[in-house]
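In what follows, chain A forms one complex with chain B and a second complex with chain C.
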Partner chain A sequence: MAAAVPAARWARAAAALLLGCCGAALASGVQDQAEQFFKSGHTNNWAVLVCTSRFWFNYRHVANTLSVYRSVKRLGIPDSHIVLMLADDMACNPRNPKPATVFSHKNMELNVYGDDVEVDYRSYEVTVENFLRVLTGRIPPSTPRSKRLLSDDRSNILIYMTGHGGNGFLKFQDSEEITNVELADAFEQMWQKRRYNELLFIIDTCQGASMYERFYSPNIMALASSQVGEDSLSHQPDLGIGVHLMDRYTFYVLEFLEEIHPASQTNMNDLFQVCPKSLCVSTPGHRTDLFQRDPQNVLITDFFGSVRKVEITAETISLDPNLSAFESKPPKDELAAEPLKYAEQLPVAQIIHQCGDIAVLDSVFLWNSMEETSAHDMKK
Partner chain B sequence: MAAAAAAAAADEAEKARGRRAALSFAAIAVVLGLPLWWKTTETYRAALPYADIAALGELSFQLAVPVAVVFAPGSQPRDLPRLLPFRDTEEKETLLNSRTSIASRYEMVCRSTTAQEEAALGAATVQEADAALHQLQDASLGSLSLYVIPETSLLLPQGIGVYVGKHRSALVRAGQGLAALRARLQQVMQIMSFTTSSITAALSDRMPASQLGPDARRHFKSSLGYEITFSLLNPDPKSHAVHWDIEGAVSRYVQPFLDKLSFLANFSVDSQILYYAVLGVTPRFDKESSSFLLSAHSLPHVINPVEARLGSSAASLYPVLNFLLYVPERSHSPLYIQDKDGALVGTNAFHSPRWGGIMVYNVEGPAAPQASLPLRVDVDMVRVMEVFLAQLRLLFGVSREVQPPEVLLESPGNEGLADWELDRLLWARTVENVATVSTTLTSLAQLLDKIGNIVIKDDVASEVYRAVAAVQSAMAELAVGHLHSAFQASKEAVTSSERAFFDPSLLHLLYFPDDQKFAIYIPLFLPMAVPILLSLAKIFREAKQRKKEPTKTD
Partner chain C sequence: MGLLSDPYRRRALSRLILRLNTPLCLLSYVAGLGWFLALALPPVAPRTYMSENAMGSTMVEEQFAYGERALSYAREFAGHKKKAGGMPVAWLEKTMWNLGLEVYKQPFARTLPFPDETRERYMVKGTNVYGILRAPRAASTESLVLSVPCSEGQHNHQAVGLMLALASYFRGQIYWAKDIIFLVNEHDLLGMEAWLEAYHDVNITEMQSSGTLGRAGAIQAAVSLELSSDVVTSFDVAVEGLNGQLPNLDLVNLFHAFCQKNGLLCTIQGKLQRSDWDTLPAYAHSLQTLLLMVLKQGSGRPQGDHGLFLRYHIEAITLRGINSFRQYKYDMSTVGKTLEGMFRKLNNLLERLHQSYFFYLLPSLSRFVSISVYMPAFGFLILILILKALDLWMKLSKCDAGPAERLWDGDQGAAHAAVEEPRPGLLTLVPPLLICHATGLTLYFLPVLGQHVATQHFPVSEAEAVVLTVIAIYVAGLALPHNTHRVLTGSGSDRGWMTLKLLSLLYLAMQLGCIALVNFSLGFLLAVTMVPVAAAVQPTGPRYLYAALLVLVTPAVTLLLGIFLYQELIEYPVSVLECWQLFLQAVAGGLLDHYLYGSVVFPFVAIFLYPCWLLLWNVLFWK
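Showing the complex of A and B:
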């Protein structure tokens, strides 16, 4: 009896200790998750989405890119941080039975073109030169801000490319190609100038894995839709439109992204599992050896969304409102000009007034002429 | 016989001429043709100072701070090493990594006070003393003046050993002995100029990321200009007609701060009012306080829906700082922000690193329930600007690091920035600029070396030369302690090096693998080279045969 009671007491004490530990672990776990925000080290997100094909039968590449664009916008990256390069000849193509639309699902369920797509490089501006200029930043000074990649050393960049490719090259608009060596060099130049913190490179073309073989700069993670020697296949044709609407890999990636919302904690390992060989026919590949963090710890929203780090402002500066604003600079001399007013470009009021006079005259004339004719008639 | 011999001789002469002709063809092709082809297919590459650029790869900073240590009467410790006035130097060297080191040197000039300074130190309050002393100094950028006052002086409040003023001077109690005074002086000098950690943060490009704290990621990198946008968000114009005197507030509170920083960069300020702009998060209603709460973990999702409407894409190419003032809707008032522990945040504001800040401004309900909507709201700009200025300071990297005990830092007041804080900023920025230039130029040199077919124009070369000269002058000025000219030179160096690196002409487009090069040149050179080589081979064989023949016939 005496032995049982201390045992019970011990058991209770042990249980209490365990519970306390669990509680502490849980609290620190929540704390850790909140602190994890700072682990990725980025403060802003950019996306460069490139569709390298033109012509009607490459409809699916445009639909791929626009669908990724929509997902990325939905998860929070604003247009000012997205560089979209499209040939943009699908929506208004004479062969498009539904003008001003680009569908990404058969039975025309989802129109990814809409009315707020902001294409930065369209039609013949999608060239290898412009793409490399965007990446390296060697842009002529006259380029507008929306066409520039203004990333800094704390930017996570998502680069998505789709089109027709081969072993070691990617075809641009059926007239030129970019090789994997050039791409790797461009990324190295970005790294030298610290234009990115981490980079995610996704490519959906035939033999896509050859494009990331030559990368040698740190902090790059790459995904491709097929290995060297394999072709990436398209998903489904739409009989109404007459072309294939999407590629398999991007289709399943998009299905995966539909589950993601800005606060989700899904990590990159799940993205690697998307589209196994049974669904995709080709074998998707990925490369993470250049990446410093473990893909387990990399959130999808680190690249596809734009979750900002915030800190609470704890301190203020005390200002004295009664202090007269000291004129450290003399006030700018305002030239006392007489107020200018715009001249009427189209003096509508005057025109109407004049027209009114003419109309009045006209009707009077008509009346007179009618009177005359009727008088004549009667005279006859 | 003679005819046969003459024919043979003529044959021989003919063959000799043929041999000479073939040799001369080959000679012209090799001596003239090859160099001509090489020169005409060369890309134009202006000369660059590769040796100087390589030397820049190793950065050893020498930072010198001129300090004047002034002893008030009765404050001299008994065990001073020498009689006043004298000079002393304190040096410290830190090796950050294999390619970067910092050597800091404080050049102290110790002397006793003049009569005017004594009178100034006799002022009633420490702020007046500080102001009076400021009139007497001619403190240039980067220099410090430390006034040592007797341990028992009543000028400083009880328990405070060091007072740092708004300008570049500080008042230090003499302490219990020379060692304590030395320690205090060192502490003050580090607060007012730079510490190893602040310089390390400025060199973030060269340091591994694990050594940096969140401070290094918060503030904007050194840039040639900034654009500051103040936005008023009114999601409910039916209930609130909000008026804010932003022009007045900016000219009274923000402009003095920016004027002080005008040496650092160009600033442009604009403001806008956005209607029907809602936050991305629905606040929770808290019954106990009958107010709405935004918890800390929902704050990151607040910014994105608003950002698209801020119009920062139409702004200039400089980094943009956004400051948003949000007046909550009637149905969501009052709205408070909770921090991680659940306590209400006093300032009701939060900021995002490298982006800007948001403050929530609560409006009291209408006095009488049947007051006509919309309510006129006049925003109290002082309260708002206090928070925005604090956030602006944080985003620029001017933060009051953890204050050690018994140190009193004077608040900068309406100017927004104390002179010594500006100095701190300039030290860090100069070091950062020099490090950036070093990285840019070394990577440019590497790139141009590696890729042989990039054209290097003359103006690119001249920018590189200018950048190298400016950075060398910046390092020299830093070593002497002229912070003003050092920063100026570093800014020039950054401008030139960025212009050189990002010049649009430095784009190598075509990657020719070797087999493509062969495919281009072989159809051109092979038809020409084959006859020459064959005839050279024939000449060689004949010469060998002739050498053998005399031995044979013998």
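Showing the complex of A and C:
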């Protein structure tokens, strides 16, 4: 008896030691993983959507901006993280045959104004000064929170601008212009104050490529609807309303974004292919030399959505190395479990195919619980 | 040294001008006339295009379908008009009220300077009726006008009907950002003038009116409609306004665009565009259209009720429905759709129309000639006067120069003869000037003031009395004594007539230049006739030939020939007697236009151009 017990104890101790070593090795791998998780990437998303034109015949610019706003909200960025600047004189314009609506598809298919639009800068508040103040954060203390861009060094910001532009400038509300040099300097100020992690700049105007020529700050990717010397054209003429409802480039970008859901793995290279010359008539351009990562690895949802990164781990990870590591006791029956993989943020298939409330609730619950496990792990 | 300050070069230049004067003048005249004739060529006249961004393309969906309702309103209006024996004010008020418009009426009265043939009385009284459709969601700061003249006889009933049908349709739409005023004006231009003056609270002519009660903000654009048949085969646009002022070309482009969209045949000057544009018949066609516009603009008469809006910086055109013998007819719904489309596009305007041209000529509805292209033609004609004046001046200054300079030049001729004569002062020129201008003033004031005296002594009506007085004074000016200078200095001197001719040439150049800026057609027509003869006339040489030529280019004969050409161009040629009748009517019309609406043509001709012509006549009979 006495001889068997020490043998069993030896075996147990050896197993424990072996397991401990394995565990330690595994734990260090997960540790690296965890550190990696926090080293790269962003933690929050912001969007600044600007429509720089007013007047009834510039209906399409407001429709452009509102469509991008809708997509960005659908993909997860909340109103508190969107700064929307519109002239906002379309929906209630006396010339609008359908008051309180702004349509983006002809035959009035889609009303992008809806009833939950939150416009932060409206009408005459859309000025160059206000725009630059929003970007750089030099805002008077009395400005309400919804009008501020409260980004930090882990924010990915999407900036979308549309209106009338020329070679090196963008016209604001028919009374002033912002030049590409000013914009580049504003971005540099943002970089020096660490107000962004990565920036995606999209512009849909005539000669839009001239606006990103002067950027010199790192981590900026830029897209434009036309090259210098080319005009961006309008799309969707609607006879009932009497104006063009959208611009071509944004129309096709929107069609592209309709395919994106929060779990999409589509990357930026696909966005660069949107709207070739045959559809857009102008030649869209992009600029990635200032961007650190390869566009192949940049997801669309990195900028357009507010996707929480979730890592499922079975081990306990010590975030503070000073704390004493405790042995992890993996349950025996899960040693031979199937390999772990990233769970879907939102089980889209279930939502799309089962329109019942219960399925939605289930998935919401699942999502929320996943949120719980990682909520105190992630820093905001 | 510079070209003009170097004495050698200056002498060379002066020699050039003196020697080559006549060839240069001839060349200049040919260049001016040729340039004008080239205006109708397709490469010179580019295609019209829409300049105003806010109006954009014809992208609008017209849904007007009340053609039948328009015709029933028209029949009702005709019945009530016959019953009332004039404008059925009460019925119009009631109908507009039932349509939901704010109705106002404006009685007006005007004492004519002399009773013309159509009205045959001094006092003209009438009432304008207008209804305002308020924009549902806008602040009534701007408005558009659709006006229909209520003429005598059986005209324009369908226009009133269409206007009322459009009013009922417009009332049901919510997309109006400007108020729309539907105006029915009585006595055509008189009523329109009364309404405009009262609306803008001014008193340019001596119109007595009750003032307007209802206002709708600043008027951005106006369309005057004339339709006298149930169906139309084509739609004609009239652009010439008072004193030759034209509306912004964008309004004409808008009309053309919508006619093309609805498949409506549209014409200008009653002429349809030809599809082949690089053949000789097409060129002749364009030239005819251009000449018609020049003649109409030159007369300074408004070619429609729209002509009076232009003075207030309101762009306006008149649209006339024409029912000719073509096979394809358009009904009221198509016409209504065109108007609806035009008004929807005008509704989109944010500022007054100002992007397109204000000074242009139209050889066809889709081609235009802007001021920068047509002005050089006039410039070449004025160059003749300048060259001739320089020539005279140099000859005169050579007389002043000493013998030494004359030896250098070696020029003979008039300068040599003039030196021996005593130098008369400028005092010799004052009597002819005074007499000519006095004649001009008499021509302006006497006819209307003296019409009662004339009717007492002669068995003619007042209108005829006025016109015949005008002609009498005109002809009497030819026979006035011109030889007052003889009393002062002796026989007529060469220096005298050369100075007078120099003065009158410069005077003529200045007058024609000024009038061409305001009314190019009038300036050009007068220049084409008067300038060569004015440059050529002198007391030496074939005097009777010069006299005949000078009489041929006098403004009155230009008017007569202009009427003759106009009748030829509209393919309604007239005999000499009918032309004379039309001439008398035109003179009466010119006087009435001046007194009633402020036209500038009659005072300009009477007070400035005719004295200048008399001065040239004076030069001719200097000896």
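The rule is short, and it goes like this: the second predicted complex is superposed on the first by the 269 of 380 C-alpha atoms of A that agree within 3 Å, B and C clash if a C-alpha of one lies under 4 Å from a C-alpha of the other, contacts with A are read in each partner's own complex, and residues count from 1 in each chain.
Note that in this section a contact is a pair of C-beta atoms (placed from the backbone, for glycine too) under 8 Å apart; a residue touches a chain by one contact, two chains touch by 3 or more.
Just so you know, these numbers come straight off a predicted model, no measurement behind them.
When both complexes are overlaid on chain A, the residue A:43 reaches chain B alone and has no touch with chain C. Contacts of A:346 after superposition on the shared chain: neither chain B nor chain C is touched. Number of chain A residues touched is higher for B, counting chain B against chain C. Of the two partner chains placed by superposition, only chain B is touched by A:192; chain C is not. Once chain A of one complex is fitted onto chain A of the other, the partner contacts of A:316 are limited to chain B, with no touch recorded for chain C. When the two structures are aligned on the shared chain, A:78 is found in touch with chain B, with no touch to chain C. Touching of chain A by both chain B and chain C, each in its own complex, is seen for no residue at all. Only residues 204-205, 209, 214, 217-218, 221, 251-253, 256, 259, 296-297, 299-304, 307-308, 312-317, 319, 337, 339-340, 345-347, 349-355, 357, 359, 382, 385-387, 389-391, 393-394, 400, 411-414, 416, 439-440, 443, 446-447, 451, 501-509, 511 of chain B touch chain A when the two sit together in their complex.
The residues of chain A lying in touch with chain C in their complex are 55-57, 92-97, 99, 237-240, 242-244. Within the complex formed with chain B, the chain A residues making contact are 31, 34, 37-38, 41, 43-44, 76, 78-80, 128-129, 132-133, 136-141, 145-146, 148, 150, 152-154, 179, 181-182, 185, 189, 192-194, 262-263, 306-321, 323, 325-326, 328-329.
Across the complex, chain A is touched by residues 53-54, 56-57, 59-61, 135-138, 173-177, 344-345, 347-348, 350 of chain C.
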